[in-house]
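In what follows, structures are represented as structure tokens.
Okay, so chain A shows up in both of these, paired with chain B first and chain C after.
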Partner chain A sequence: MGRYLLRRILQVIPVVLGTTLLIYALVFALPGDPVTAMFGGKPVNQAVAAQIRAEYNLDKPFIVQWLIFLKNSLTFDFGNTFAGQPVIDVVGRAFPVTIKLGLMAFVFEGIFGVIFGIISGLNKGKWYDTVILVLSLLLISVPTFVTGFVMQYFFGVKWHILPVTVSANPGFLDLLMPAMVLGSVSMASIIRLSRTEITSNIAEDYVRTARAKGMSNSSVTVRHILRNSLIPVVTYLGADLGALMGGAMISERIFNIQGVGNTLYQAILRGEGTLVVSIVTIMVLIFVVCSLFVDLLYAVLDPRIRYA
Partner chain B sequence: MTETTNMKEKLAEMQRAQGPLLEVKDLKVDFTTDDKRAVHAVRDASFSVYPGQWVAIVGESGSGKSTSAMAVLGLLPGTGKVVGGSIKLEGQEIAGLKPKDYQKLRGSKMGLVPQDPMSNLNPVWRIGTQVKEALKANGMDVAHEKRSALAKALAGDEVAVKTNDDETFIGSQELPALFDAAKVALKAAGKSDEKIAKLMERFKEEWVPGSETRWRVADDLIKAGVKDDDAWVVAKEHVTGSTMNDRIAGLLSEAGLPDAATRARQFPHEFSGGMRQRALIAIGLACRPDLLIADEPTSALDVTVQKKILDHLHMLTDNLGTAVLFITHDLGLAAERAQHIVVMYKGQVVESGPSLEVLQHPQHPYTKRLVAAAPSLASQRIISAHERGEDAKALMEHQVKGEDALKKSEHIITVEHLTREFKLPRKKELFKAVDDVSFSVKRGTTLAIVGESGSGKSTVANMILKLLEPTSGKVIYEGQDIAGFKGRQLLDFRRHVQPVFQNPYGSLDPMYSIYRSIEEPLRIHKIGDKKSREKRVRELLDMVEMPESVMTRYPNELSGGQRQRIAIARAMALDPDVIICDEAVSALDVLVQDQVLRLLNDLQAEKGLSYLFITHDLAVVRQIADEVVVMQHGKLVEHATTDEVFDHPKMQYTRDLLDAIPGGKLQLGLD
Partner chain C sequence: MKKKALAIAAAACAAAMLLSGCGSSSNNNASAESNIITVNGCEPAKPLVPSNTVETCGGDPISEMFSNLVRFDDKGNAQNEVAESITANDDMTQYTIKLKDWKFSDGTTVKAENFTKAWSWAANAKNAQLGSSFFNVIKGYDDLQKSGLKGDEQLSGLKVVDDKTFTVDLNEPSSTFPILVGYAAFAPLADSFFKDPKAFGNKPVTNGPYTFQSWDHNQFIKLLKNKDYKGTATVNNDGLTFKVYTDTEAAYKDVQAGNLDAMDTVAQSAIKTFKTDSSVQAVESAGSVLQYFIFPADMQYFAQGDKAGLLRRQAISMAVNRQQIIDKIGNGTNTPAVDFTAPVIPGYSDSLKGNEYLKYNKEKAKAAWDEANKISPIPSDYVFKISYNADGGGKDTYDAIANSIKNTLGINAEATPIPTFSEFNNTIEKRQIKNAFRQAWQPDYPSPDSYLKSLYSSGAADGNGSNNGDYKNAKFDSLLSQAASAKTTDEANKYFQQAEEQLLADMPSVPLWYANAKGVAAKGVKNFKMNWQNVPIYEELSKK
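Now for the complex of A and B:
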């Protein structure tokens, strides 16, 4: 177990190196000149431009830029944005918002996905099973931004139930609708996943054996059907925790939330390599930690799985 | 002997007096298909089970035997529904009972030992937990034994009828003190030290916490020579009841699981099939039901394990006075275990009666076929088609010819000092799956390799097929070492040596039509053109007695036996010399098994094929093989002609295997 953990943690190193290098290469390959973009496309004094280039190391090949980034990041110096703020401050402001949004979406999709999945799975063939199935299919097939705009229009603009856009320091109610939009697709997947698992588990021999023992329907359902069905669901949820961070970009754009997604979007537009790389590196780390957590959780939930 | 006869009479008397425990009358069970049509799975089935009796329902798969049993338990799968008739338990109608009321009967009144031990335990719960669920669900008192009226009455002669206190279990905490007290009591009774040591050893084995009761302890001490009063004082003081965990361990050890307290904390995947089945037996009997439904409880297990488990189940149910409804497809097994047999065919009960009566004087044509086909009852090798139906002279000739063939014919495959080692994870030393095995298959004859799972028999087959390289030793085909075969030569070898595998569900590609499956080897070996290949496929289908219309169908539309015929047709496509059958009939029902064996036999007689037959079932061997090789733990332990092995087995292991054939010792007179 200890060796397995160590191996998994060591794997993080090449993953972080690889992704950062890749991102530097991509930012470098983006069309347009960051310095021109900085001045809003107006002509720039050559000397000033050169000075800025030198300051942000933009005059060097990307591999050198990357090495400089790595060297500085060892001392937690991630440099400044083009606007002159320390990258670490920008990231420090954006992440809490997105994490809040992500966790809300996570709780939303987890609770409603599992509840509807269970209702659907235990009552296969009933009319509400069909309704749930159709709705979940709808949510999966309609792109998030459509769901987002539709919800924004009805709940925000037309009925005034929830705020249309979000303030700079958003609270629970502000983020409710964005979180629902963000979690909707995963929720639909969880409904379908748990439903499939439950319907196949109901037919398992050990469920029949449990009934033959004289156990009540409710304890058979909880201990034998749900306990076994929810293993893959928990795995899915864990893997999704990381994916929500990335998915936040669309939701944040629609509702104008000043989170990671929005900041990242702006940074890409401006060609700010350092900022992009810093944000993505943190996201990669969250992703890696989440997937490690999921794998460990899996071993706890399913005794047949042991890591060595 | 007189004691047992007395017991039997007494049992019969009690059964008459009490009436049937379970009475099923004109039971009808329907399943509904997707397009709302009703499929009649059970039609007007009637049978009864008396207290303490073993009743077997025999029939092929799809005969409705399991469905009837599940209808009794109220656990019909899917759309299954009891649509008519009655099911009475202790005189009470239970068909159509509310789910809540049914739930009260399950576990405490009716237990289940299911068919497949691999899928019937939940993989995520510890074994002990799964036993505990049964005890908890029925609110069982884990400190005291619950004995049925029948068991009490039967034990009545031996010891005076027990009160609840006398049925208190030994607890694991108090065990050391109990041993000490027993020792003191024995000493007081004037036993020698040596004798005491011996007795104590026995007690240590027998006094299992959570399983042995106070009166048994007292009884044991009294029988050992301790005065009645003293014995009861010891028993009362030191046998005061077991905990839940003691009881779980006690139940598991009753079911024959060694070191049960530790085992209870393990998960199902850490158990072998036999151990899992023992755990399932413990669960089925945990709440001391009056009726136990055993649905093919051992068909997924090796024969030797099967015998041990059934023996144990028999002993347990006899002691507890539990009646057993035993579902099986093997008439021999049914006759050996049950007092009463019910034969089902296509959802109907076609015959029922006392076991020997049914076996010796079958009335219904289906029962006759079953008796004739039961591998455990067949006494000799099948005679091929064109010899069948002729007089006894032909029969003699066959045997003489057979012996001649054995003596004269050359060896088509010879295996010399074959050894195969495997590396096991986290172990330094290599595991010898096959250890120095030598034998040869003679042209036109059948050699069977017999052994339990893990004996290395399939590894031998894989090496002969050149699917696996031996660590050392040689396989010689037609005088040439197959190790050197490459390219053209290897293709040629593959053409002449064909396998038929165990699982007809897995060995045919579900995406290939039957035609494509059979034609594939011809295409690979570039034999003939499209037209001649099609003609050949038709011939092959005819050979295995399948209609040409199956050519366009897919494996999932065929039954297991039909698929195995297709697999044989495919193996025959290239006119092979040798067919290697790896458990080729093990997954099939007895009747189908019999048909396939006859087919193989006829093909051998017509084409002069040689078979290497790998099986764990000696009963099948007797029907098909000329020579037998017995393997155990990778080693060849016995090699002789079939008759010799059956009549004069040399090794104890072979004798065990022979003993394990169900119904092997039953007298049988077909009329």
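Now for the complex of A and C:
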């Protein structure tokens, strides 16, 4: 287990080096000159433009820019944004909000997805199974921004039940609607997934054996059916936690949340290499940690899986 | 054992997730009693230093916090603000400026030195200010663009006479200088700025209608009414809060719900409905932004100085059915252009000689095109192209323009997109576009000068300014310099109108329409109207 952990953690190093290099290359390849764009259509003073290029190392080849970034990041110096703020401050403001939002969406989709999936799966063919089926198909097929705009209009603008947009230092109520919108598609997928797993596991030999041994119904359901059915759900949830961070952008735009998605989007528009790379690197790290956590969780759910 | 530990860790983790979501809910209606106005804003691209701010995110708060020598009223006329008087010498090359007795928000007096040092600092290339080129009219500017500067060298054209008086020597005569100094970059800076410019940018010392209260990055910029303000602006509220929105759709919904008092634009989804939307107050009026497209001066078959080229340029202009395109695609929220400036700019005229070339006329367009072909025929497979940037939502409009040209003249015409604005600008800068291309202009100060000199003078051509078509005409240039040496604004405007008539005779570009200024305010907000810059007059808004 220890060796396995160490190996997985060491794998992070080439992943981070590779992603930062790739992102730097992509930002560098973006058409247009970020310094000219700063002048916003006003006459460009070349002497000033040269000063700014030198300040942000934009006059150097991208490999050199990348090496400078790596060197500085060893001392936790990620440089400044074009607006003159330390990158670390910008990242530090954006991530807590998105993590909060992502985790709320995660909890929402996990709890409701599994509950509805179980209800559906254990009661196949009943009327509420059909209702859940139709609703989940609807959520999967309607794009997130449509769900978002519709909910925002009715709950926010029309009925004044929930805040229309999110204020600074958002609390639980502020983020409730965005989190539901963000988690809705995954919730529907989890309902489908757990329902299918449960219906197929009910018919398994070991379930029949357990019943034949005279185990109580609840004990069969919880210990044999649900436990086995949840393995693919956990995989899905683990992979989804990272995707929620990245996919938060649509929710963030609709509800005006100043999180990672919005910050990243604007950094790309401005061609701010260091900011883009810093944000993406952190997202990669979150993704790596989440998938490691999921892999470890398998062992808990399925005793056949062992890590040497 | 290990399994159990992991399970506990997982449970703890889930609990933490839930808790992190349950922070305190913030309060939205704290300011119900006070008369603080909240408007939509965006995160400034630079610290709040006037000469380094060339975009509206920082520009809007800055123009509410700083008072220059002059301030523009709603109509765009310059009124003396900090200046007691601005007097020119006979040939308009030297100005003597006397100041009123004003104070900065830190209690220090606004002295002549606060202007001269601020302007020199802004012009000095070492300080890398984005607005530095606005100071190129002042003598000594070129000396401050060399390498090896320390950053505190002064413009040689600025001389302090006493605490309340200074003189400005210009490189050439300019009657518009007293208007130019109303542009944000010309704000005075308090002594504390020069000690620590960085700290100032996060917490500016101001002298305008509002003082700085706080800047919560990516969330709010809060300003408070300056009780000692004695300038020309009327301040009807107790403070202004610029709330950061990354999407106008979200801001519009907040206005509808009454959470946001006013916004300076309208969400794309509401363009058709905002004027009839009963949950908001709407404002729409002709604005100062001019949309046009330009012919490069050496464009094949359309070149300047060539009779056939001129006829073809006129034919293209008369082939664009502006009103129809505005009605069908712009939802009627633009006004067809009849000149090269805009209706809200002092000096505008709707009766310039030759402005019939800016009106749709199928017969005349066709006749001019055929006449050009008699002089020098154009190949029958010629395709007239207009390039535009695809990220600004121009597709429908430019396709319609191309179709209008196609149908009127019976030639092939197409709109060719370039993916992003930034890439589009780069290709223009490198002069790589050999066909017509889209342009838009928002003036920096309310004078025809801000359009004509920036966009069509020889001095702004060849990459030295925004004359992206490299149009050059000595007669036009001399009319501009006559306007520059004029004694009064009215006299100057006469020369500007003659210069515009020269443009109508040469057609270096095709003015399309003035973008209407559009905005919405929540119910119950009073005095909601737009200024010459298409921005609501924030200081006059009130909830009482």
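Couple of notes before you dig in:
Heads up, the rule we're going with is that the second predicted complex is superposed on the first by the 307 of 308 C-alpha atoms of A that agree within 3 Å, B and C clash if a C-alpha of one lies under 4 Å from a C-alpha of the other, contacts with A are read in each partner's own complex, and residues count from 1 in each chain.
In this text, a residue touches a chain if its C-beta (ideal position, glycine included) is under 8 Å from a C-beta of that chain, and two chains touch if they have at least 3 such contacts.
Given the structure is predicted, the values throughout are model-derived calculations rather than measurements.
Touched residues of chain A, counted separately for chain B and chain C, are more numerous for C.
Contacts of A:59 after superposition on the shared chain: neither chain B nor chain C is touched. In the superposed model, A:77 lies in contact with neither chain B nor chain C. Legend: residue contacts after superposition of the two complexes on their common chain; A:203 is shown touching chain B, with no touch to chain C. In the superposed pair of complexes, A:227 makes contact with chain B only, with no contact to chain C.
Looking at the shared chain after the overlay, A:169 reaches chain C, while chain B stays out of its contact range. In the superposition on chain A, A:211 contacts chain B only, with no contact to chain C.
Every residue of chain B that touches chain A in the complex is listed here, in rising order: 73, 75, 77-78, 99, 103-108, 110-112, 114, 116, 119-125, 133-134, 137-138, 267, 269, 280, 283-284, 286-287.
Interface residues of chain A, counted against chain C in their complex, comprise 1, 30-34, 36-45, 47-48, 51-52, 55, 82-85, 89-90, 93-94, 99-100, 103-104, 106-107, 149, 152-153, 156-157, 160, 163-165, 167-175, 179, 252-256, 258, 262-263, 265-266, 270-271, 296-297, 299-300. On chain A, the positions that touch chain B within their shared complex are 203-206, 208-217, 219, 223-224, 227-228, 231, 301-304.
The residues of chain C lying in touch with chain A in their complex are 2-3, 6-7, 10, 14, 17-18, 20-26, 28, 43-47, 54-55, 125-126, 128-134, 145-147, 198, 201, 216-220, 244-247, 249-251, 253-254, 256-257, 259, 279, 419-423, 425-426, 429, 442, 444, 454, 460, 464-466.
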